[in-house]
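A single structure is presented below for examination.
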Amino acid sequence: MLELTTLRTSYDAFDLGPIDLTVENEVLAVLGPSGSGKTTLLSTIAGIVDADGGMVTLNGTELTERPPEDRDVVLVFQDGALFPHMTARENINYAATGATPIDALIETLELTEVLDRNVETLSGGERQRVALARSLATEPGALLLDEPLANLDAPIRHRLRHELRDLFVSLTIPIVYVTHNQRDAAVVSDRIAVIHDGDVHQVDTPTELFAHPETPLVASFTGNVNVFRARIADHDRLEWSGRRMCAPIDGRDVGQSVQFCIRPEHVSVVQSSTNNPNVFAGTVTKSVFQGSSYNLTVQLKHATDPVRLTLSSRTYDRLELAEQEQLRIKLNTNYIHII
Amino acid sequence: MLELTTLRTSYDAFDLGPIDLTVENEVLAVLGPSGSGKTTLLSTIAGIVDADGGMVTLNGTELTERPPEDRDVVLVFQDGALFPHMTARENINYAATGATPIDALIETLELTEVLDRNVETLSGGERQRVALARSLATEPGALLLDEPLANLDAPIRHRLRHELRDLFVSLTIPIVYVTHNQRDAAVVSDRIAVIHDGDVHQVDTPTELFAHPETPLVASFTGNVNVFRARIADHDRLEWSGRRMCAPIDGRDVGQSVQFCIRPEHVSVVQSSTNNPNVFAGTVTKSVFQGSSYNLTVQLKHATDPVRLTLSSRTYDRLELAEQEQLRIKLNTNYIHII
Amino acid sequence: MRQESILSPDWLTVTLVLGGVLVCYYLVPVAALFLSVPLGDVIVQMSDPSVVQVVATSLVGATISTVVATVFGVPLSYWLSREQSRRSSIIVGIVVLPLVLPPIVSGMVLHMVFGPSAPIGRLAAAVGVQTWRSLLGVVLAQTFVASPFVVVTSLAAFSGVDPTLEAASRSLGKGRLTTVYRITLPLAMPGIVAGMALAFARAMGEFGATMIMAYHPETMPVRIWLAFSGRGVDTAFPIAILLVLVSVAVLVVLNTVASNPWT
Amino acid sequence: MRQESILSPDWLTVTLVLGGVLVCYYLVPVAALFLSVPLGDVIVQMSDPSVVQVVATSLVGATISTVVATVFGVPLSYWLSREQSRRSSIIVGIVVLPLVLPPIVSGMVLHMVFGPSAPIGRLAAAVGVQTWRSLLGVVLAQTFVASPFVVVTSLAAFSGVDPTLEAASRSLGKGRLTTVYRITLPLAMPGIVAGMALAFARAMGEFGATMIMAYHPETMPVRIWLAFSGRGVDTAFPIAILLVLVSVAVLVVLNTVASNPWT
Amino acid sequence: LETGWFPTGDRHTGPVTILAAGSLTNVLSNGLAPTLNTPVQIETHGSARIARMVADDIRHPDIVVVADTALFNAPLDPSWYSVFTSNAVVIAYNTSTEGGKRVGRAENAWYELVAEDDVDLGRTDPKADPLGYRTLFVLELAARYYDVEDLTATILADEQIYPESSLISQFETGAIDAAIAYRNMAVERGYDYIDLPDPIDLSAPEYAEDWYSTVSYTLPDRTAVQGGTISYGATARTMADDVLSVFNRLVRDASLRQHGFILHESFPNHHGHVPARIETPDHPTGRSTAERSVTRPVSQ
């Protein structure tokens, strides 16, 4: 168990913390915008950046005053930090404690081919995988990963994501996994911490975090891009865009001004013009192909902000939507989340 | 217009090309696995790596023998290659020709805050944005980008992706955009080239490429992860998994052994047990939450390879599927693509 | 394995002890020099016009030598750093030659080339430039002995500059010259300045080659030697102290101008 | 702006001309030295047992000095590279002192500390070790003059090693010692070897300080001086050539052992 | 290499150390040393520097030999010394240069040629070594002897001054046409040279008293040196047996003559409180004809 207690550190123009976090033998993903302090947090836990205050303990042992090599915590750097005078194999062997059979690791990470190459000639993704293998070869008591998949291409990332998940679970150590990719975070982690400007905003399981963000920032950061201001109109109605639509009000005070959000994939296109209070008419202002889905931006009649929705290409093809087309969308009551 | 004619180059253990490609005033995304030669291709176009043969021309001017600075082509390096002795602003001003107002650029890329910081203290994503701004400030005749969004977090990436698209379109120059992110490729580019092991496999518009990959590799690389071997059974039937299902055979010879693919989001779950030949019974072996959707792995009774499908969380919630559950899936005829 | 850092204080101690011994080894003899002469004697020397003249010759000579070494040596080391062939290894070997020669031999061989009986020396004399027994002779000798420091140190500095940065600059449309001037040189500057400092220090202290090539006008080391021969250490040491003070002052200035050239 | 590279051939020419002039400036005098003496004379010298003795003294002395400089200097420069304070700047200043002193003055001040009338010299003599007029004296003199090269050059090399790599190694559980030994040292090795080469070359050529501190046993520069005062350049130059050959041979070996230490 | 690695502090068990004038380098190492059965270490420098090194405690040789006994008045002050050889000042000329050849042909009229602009003359520094001021003496005496006024003024120029070491290399590489040197240097190195008449060349004791002594030079430390016969003096500073046996061989070394030195009848002659263990010469101690230095401030 890795515990951070009011951990603080700072640069000239940046303050991290105080951060309180407990990481059991699980994978905790740290999601956060660029410059939010993710790398700084990992460096502080690893002892590479000195803490200004607070405490780091691993399985009850206080680490705060120890040098990096005595923390039993391995940090995988954002750029790999491979030793340039060694081959990939030598990099891995340097770290290996001898206990883990590294061959399996090398196979999982698809490194067999590049093993005897000088690391300076490796491509970005190859470097990152070598760094990952190297860190795993040490059998650490805790593992800190700084965007370990950032330079990997989609198929290998996809494969690795699942294999890493299995690997991580088998390690039964605390793992902190910094990423800016929500999907990586959702797949690989048990819980996700969202960090912004040096502070932790929310820590939750992926499903919970994606469904029920506690702040607009967390919402937007987890792909909940439709965040709107509204007013509680009734015990089960929300007044928005000139309409009173059904929403899970949960006993909030009537008249209160709130924000609510709904994920773009939970907004559906409906064809029949029912009298459903959650159905709105609008115009497609933008439609973008995204590979496996389409992103639509819809301007409603009485709303200021546009609503974004994601349609599978199957639905999109079926509906034959084009830009400037009129359509009706439905904000499903169950997926409306009031912040 | 940027033209590559039988362009070749090589390292000890890697050969790139011969590559023939024409990039009009458009955005061409280059997708390919790690180590496939994407960076090498850009470096060769930019003149940083010498070509072994072939030709690069820009708007009719042959560039092959010219030094990098005379090519009017700017390469944005994978790691930014920021000048460490300058601030972010100085990096940008160094490149600026004076003609472009760089203020707008700085705003779009959200760099105002870090402008006077020494680049060594910038976070990964900040560095990448400065590199982007620097390259755009030169008003190049062609732009080569090596994974410019790799270190960006999801929301800014999402925003930037669209803004970059608009920016790129407004530049009306040939732009080559290397990425390993299919979504980036789909959103930002007019056409996509898939590269593997130094060779171009397919060049097509995003929709075409995603729907009709020409090789299994392109299929797997564009997220078409369900690739199966089958036999042409009839003028409109494919024999697979012990069944003869409907498929767009397009006059292929009966008895021929082929591969077909279907995207995971085009596989649907059906509830009624119709006699449809495209409906198969199977068991869910794995179900993974991915943030905005669920990934299911389904083992069919008579098939060797499992089928993967993506369900929106809405559908997933409605169906109440769990691992080891029995279900029926449908491979929609229109989305089956024979390679 | 995870235990070894328990040794780490010891390791630091060993490092500091070894380094400390070396620093003392430099410091103690120099301190002995300073303590052996009353400060008054140094001041007396400083007010002797002939000594002022000698200090001027040394300073001017060493400065010109350093500048010449930089102007000629820095381009050479840039070229060497970017051209890694057999040829460049041989050239690096040639650059080390002057270091291997005892300075007096250097003086003699320079005299064989630039002396009054040598073609070059005669040629120069014919156009009114005397390459020996002149400030030019001092500069020739000091440059020969001291300039390799600039080349070797700058070479290391240039090799440390990431070629990707040069590639990036050129891709941004800047020519080689601009790139070298605005990217490579600033990044290599600490090393170049260190090389200049070494060259300047060596030129100030150079005795053997200068003595053979020039002798007149006298430089400080020649004057120290003469003073020693004439009247012993009591007159030689004050000038030696003066030499240390002048050199250190110049190096401090160089150091300040180029902020911290050592790191 | 996009036109400037049209100048680039000129620029290359200027670089090569400047560098070429410098290389010639090193090469021509040395070539004159080699051409001034028939090869036979060098061979005759090499078969003279007293010359063999002198070569041995020089080689042994310079080797020991280089090793001492490395053992004491490399830890010092590592510490200096990682500790960037006022204190470390002052220490760097002290390290440059021996370069500033004319070698003969260095010899005199070393004699003040290690000579027979100095406390340290007497103390050493009391335990049976003579610090002057002995091989030890040679080593003391050469180390004083030559070891700063190791410190300054290694310092630059260590500063060039990315601290992230050290952090990565320590995070992998390796202590400072292992990290320095397996990561920092190998990466700084080219610079350290370059420093060792400079120090060795300087030690081989060192005359002034060695002459004062030892004179006997003779080193090659002392023998050159003696041969010269006794019988003139005809006997001195063959030994000078021998010195160049021996030093270059050692440097080539050092270069080969450490692959390419210059880049 | 067996000796001298880590020698002990007890010098009497080591070789006998001789600190000698530079002009004796060759004769001592190639003439004397091979005939001795005691090992010797010979170190040579300019005489003035030798005196300084001993006076300033930088050297502790067993035997000190200087090219000018004046140095045994100051800065050295031994209780005794032996004068054992003399030398002469000659004009060495360079047969490989045009100017040198002309000097060679001119023989006695050398001074006229040397005064000309196109003959380059080299000499050493009067401030730094005896040959330097002896050159001045020679020119002064020559001016009187040949009755040429202003001879010194026309001949002397600052550019002629070279350090001893450099003078030889300049001469050998043809940079100077003629050099004022000791005879032994010319003989040992096989230079062509002009033997000067006795009244000029500072070799003849008979001219010492009344003629050589009429010229003088003031050193930087304000010591005035009077002209006299060139006389090499030696003293032993350690009274060990091997040292004294070397000393006695040194002061009677026959090879000096072959090397171009001058051995007068009276040599060696002893001065001061000579220890009994120094072999006394067959003839009585004569009066010194050597240069004398007078340690009095010279008024400007």
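We call the chains A, B, C, D and E, going by the order they appear; numbering starts again at 1 in every chain.
Convention: a residue touches a chain if its C-beta (ideal position, glycine included) is under 8 Å from a C-beta of that chain, and two chains touch if they have at least 3 such contacts.
This one's a predicted model, so the numbers in the text were calculated from it and none came from an experiment.
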{"item": "Minimum number of chain-to-chain touching steps separating chain C from chain E", "value": "1"}
{"item": "Two chains sharing the most C-beta contacts", "value": "C-D"}
{"item": "Separation of mean Cα positions, chain E and chain D [Å, integer]", "value": "37"}
{"item": "Interchain centroid distance [CA atoms averaged], chain B/chain C, Å", "value": "56"}
{"item": "Inter-centroid spacing, chain E versus chain A (mean Cα positions, whole Å)", "value": "93"}
{"item": "Residues within chain A bordering two or more other chains", "value": "67, 69, 72, 79, 97"}
{"item": "Residues of chain C whose C-beta touches two or more other chains", "value": "1-2, 4-5, 8, 104, 108, 112, 173-176, 228, 233"}
{"item": "Touching two or more other chains - residues of chain E", "value": "165, 169, 173"}
{"item": "Residue ranges of chain A touching chain D (in the complex, touch as defined)", "value": "43, 46-48, 67-69, 71-75, 77, 79, 81, 83-85, 94-95, 97, 134-135, 138, 140"}
{"item": "Residues of chain C that touch chain B when the two form their complex", "value": "162, 164-165, 167-176, 179, 182-183, 186-187"}
{"item": "Of all residues in chain C, those that touch chain E in their complex", "value": "104, 107-108, 111-112, 115-118, 132-133, 211-212, 215-216, 226, 228-233"}
{"item": "Chain E residues within the chain D interface of the complex", "value": "1, 4-9, 17, 22, 25-26, 29-30, 41, 43-44, 57-58, 60, 164-165, 168-169, 172-173, 188-189"}
{"item": "Chain B residues within the chain A interface of the complex", "value": "11-13, 31-36, 39, 78-79, 114, 117, 121-126, 129, 147, 150-158, 162, 180-183, 185-187, 206-207, 210-211, 220-223, 225, 263-266, 268, 288-293, 310, 312-314, 317, 332, 334-335"}
